[in-house]
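Labels run A, B, C, D, E and F following the written order; every chain starts at residue 1.
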């Protein structure tokens, strides 16, 4: 087992394409996307359009610790422009043929 | 005024289920149409109305009337966002004004579909090419809105870089426009034969699915109503008066073009309705500075219910006054 | 006894697809109806049956027979949870007894709908107001169950605070009751005309969607069957004998009221069926001390299959014996 | 060759909507059919075609022709994976060769359903027992594929332990096979009466839902096309030539058995089509060493479009040449 | 980047309204809700009704470290009464216009 | 509050049954499953079949720290054979009647 980083991003689905692009450019090629996530914003406003047809998405990606710096640099401008939040935490990965750290 | 049209509209299942949806929210029932069902229903409605429009386009052909009507439709879709922008700028900043203007320049397909169901029920005919008008009026306002933002922020000394290719794709290839245009084309290509084999699906279910979908729209619109407090009196009045004004302009144009009663109603409804899906989505991407609750709530919680409850029958009443049978 | 009714019921597509769903679980096939499809199908069924009931209520009007039947329905919905509570308390604690009693006092809309499809197929008429009975019988048992818990826990020296406003909302405004009542009202308001335009949706598809839904119910019921080990012999017998008893009481009342064969069957089915959605949801909130596997599994894995496979045709057989044609 | 059949096939709504789906991906529209709708639609199609097949099986009965055709179907389902395995092993390793061979030995229900809709439209009859052939041809290739892997890896000195009970369950009880077989049985049991009550659901909607589903298939197939770069020329040719060859063998058998034009087309389509759901799922579990993009992409992005666009009308053209009217 | 807390709650959907209320009262105004979550309970019983129509929900909320105490105090009685579990962990938030810590 | 471990597994849905079995055997009896998760693999290939009908699943299970060893031993061979990844991290559990640590 070795340390990897977990990246969690919550954003509106219209940003999804842009965010995945940025992740990819930052060297994080794997991810999962959970759609149709209901949510309420920080300020209690229902700014999100999820009630019409734009739902929130919850993106999770695991990466090596070194990839975090480029990810933060690439993602922050997007979040500032379009909204959404990003969190990073430590997790242990079980080594396997396909694991992040085997790259 | 003869209230019977309003009443016969209100006693329609689709409108009544819209009320039922609103009531569910007001009494705090846990009724909900689970996602992604509403999205699926709206895809169905676009598919069905588009296909039917295409099939009927074969019959009517592309006459001078068709060309002029479609031209008028595009012109209105460009004109409305421009003139409303200046009204809105009296009270709001450039970003909000442009986003709301774009919303009202575009159209609501569900309002159109509800009007067409109303016509069907009253036995008033309309032509397939009006669905082409629907498709053509969805996108221009997005472009116009963005141009307005650029013009007026440059004026204020701020420069913006716009990814036009993305904007154009959002405007012309978003799923609603794409499916609608595609279905019209396929309806046109397969013609009457195709129309016949798909009839139980596209026609038989149409009214029922519209009814079910409006139940969801009622839920959605009612949830937005509390946003209106923040919106303020100016925008609420805007959201009722501008549709009336746009419908009036639309009816004048329709009268001038000499199109039939059914087509005139649909044209008026296109002018009067505001987009609450395609344009808001595009605006979030292209004008992120604007406040989405303003443009979504007005379109969804005021203009949409106004049109389907009061607007449609009133516009038809006016048509009946001015058109000779 | 004449087995042909049972066989003709079993050879119905809905019942056979119910078996198919159960079989899928037993042979460990990966067949599943992906959520939220089952929820959507059940909304459709409530919408369709409610709307149809409302439309037909216009025809029958609100006669003395209607009033008495609805009154009897409400009385049964209050009486059943009380008497079964005392039977259940012989073996179970107050919480479980009250929760199960409430479950059996309420009704299963799908059982009712299956019975109505069965009547349709046999060409036996029934009246729209029975759907009002369906709506009226869903909620009272929840209230009665809660009152029973309060009475008998106070007796035991424990005091409970109950948020009655929440309980009442759960009982009377939960999505099933709300949609059903709303659809009845709208059907009533739009009448025959509304019924006609929605017919391909509410009638044409009805039987097919019921069939598809019962496939899912088969999957769900079979998954619950393994829970029955824990439930024990007492509850399993309860889940078969009480429906029979309730149906018998229901039939006696129906005979006394002199209602028609079709209505009598539906009344018996309402009395005999047990809720596995609305009441369990309410009980989890209001009587969290009760064990959900007891009240869900009995209602879903025993009483529901028993009613739709054996109950419905047997009740009809008894009706045919005692009613003169 | 008479191109009118191809054109009349291409101008079908289902095929055109398949193109529309592909176009959506190519022009980067955000059109999508939200999950789990596609899965639900495919369950519907299996349910409807199976049920209809069962109902018609009652009429045709189980004659000698039926038995021989079903036998031929099973033989083809075993023979195709064997002979294609040796072709594939020329270029690929044992695992990939066996997985692709199994894919092409099995069938694509949607291709079959599209062909049956095409026949319906042209008014060419076919028999219900062909749906039994569909069901019978889905599973054997999975078993054959796995046996091939075992034989040829043992040869290479590697031993594999196979959980045969799981493999058999995957092969014969996966949701597609299970629902199809179950629906055929139920259709058979309920017969004409059951067929009638379900008709608006299973027949009325069928063509429309197929059309809508093919829209999704277009989206899915187009997304797979970029995988084909990695697949290489050998596999792409394989994915076009083998279906043609299999269809030719199928037609020869059909001619030999003397079955009708409609049945012959369906038989050819079964032989020519490749599985992109059931077999890939089974292969991922039983031959995890094989590369899924190879067997999914060829079946989905090449063979499936080829069959529904070109294959079906061409096979029918050949039938028209060789069958006397 | 600064430290925030991640709150994860698994509960039956009938509790959702109550839980979100309590979160809100504890000062945590943002959250996401993932619905239709299948699950099996701690004791291996299928107590959850997800097989009929009550599914589990998975609620995630990010909050400042100080909000954790009131959250725990408010949520625990609910969990004890109606079931469900709640977990808390440390994550780093990428500072942005809308981030939790900017409040 | 006490320390427990969070186990996150991403895999293709065809593996779901096997993975849950292994978790169960390792003594982890509770879990949640989020289905219809869209994803892209580590190597940027669309190997996953989610585009047809096999979607990814995202499995979350909370366990006591001691259960991690058997979980890793049981899950790793599966991941190596069929693909998928597994991550482990530390979370604090709010003690409640049904909490993992009360077992």
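In this section, a contact is a pair of C-beta atoms (placed from the backbone, for glycine too) under 8 Å apart; a residue touches a chain by one contact, two chains touch by 3 or more.
The structure presented is a predicted model; accordingly, all values stated were derived computationally and were not measured.
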Distance-maximising chain from chain A - centres being C-alpha averages: C
Numbering shared by both copies at the chain E-chain A contact, with half separating same from different: different
Chain C and chain F: spacing of chain centres that average the CA atoms, whole Å: 38
Mean-CA-position distance for chain F and chain E (Å): 19
Gap in Å, rounded to a whole number, between the CA centres of chain C and chain A: 46
Residues of chain A touching at least two other chains: 34-36, 83, 89
Residues of chain C whose C-beta touches two or more other chains: 34-36, 39, 200, 204-205
Of chain E, residues touching chain C in the complex: 12, 14-15, 36, 45-49, 51-55, 81-83
Chain D-facing residues of chain B, complex: 35-36, 39-40, 43-44, 47, 51, 169, 173-175, 178-179, 182-183, 186, 189-190, 194, 197-198, 200-202, 204-205
Chain A partner contacts - residues on chain B that touch it in the complex: 35-36, 38-39, 42, 220, 223-224, 227, 276-277, 280-281, 284-285, 288, 291-293, 296, 300
Of all residues in chain E, those that touch chain A in their complex: 1, 4, 6, 20, 29-35, 60, 62, 89-100, 103
Complex interface listing, chain D residues touching chain B: 11-13, 16-17, 20, 23-24, 27-35, 37, 121, 200, 204-205, 207-209, 211-212, 215
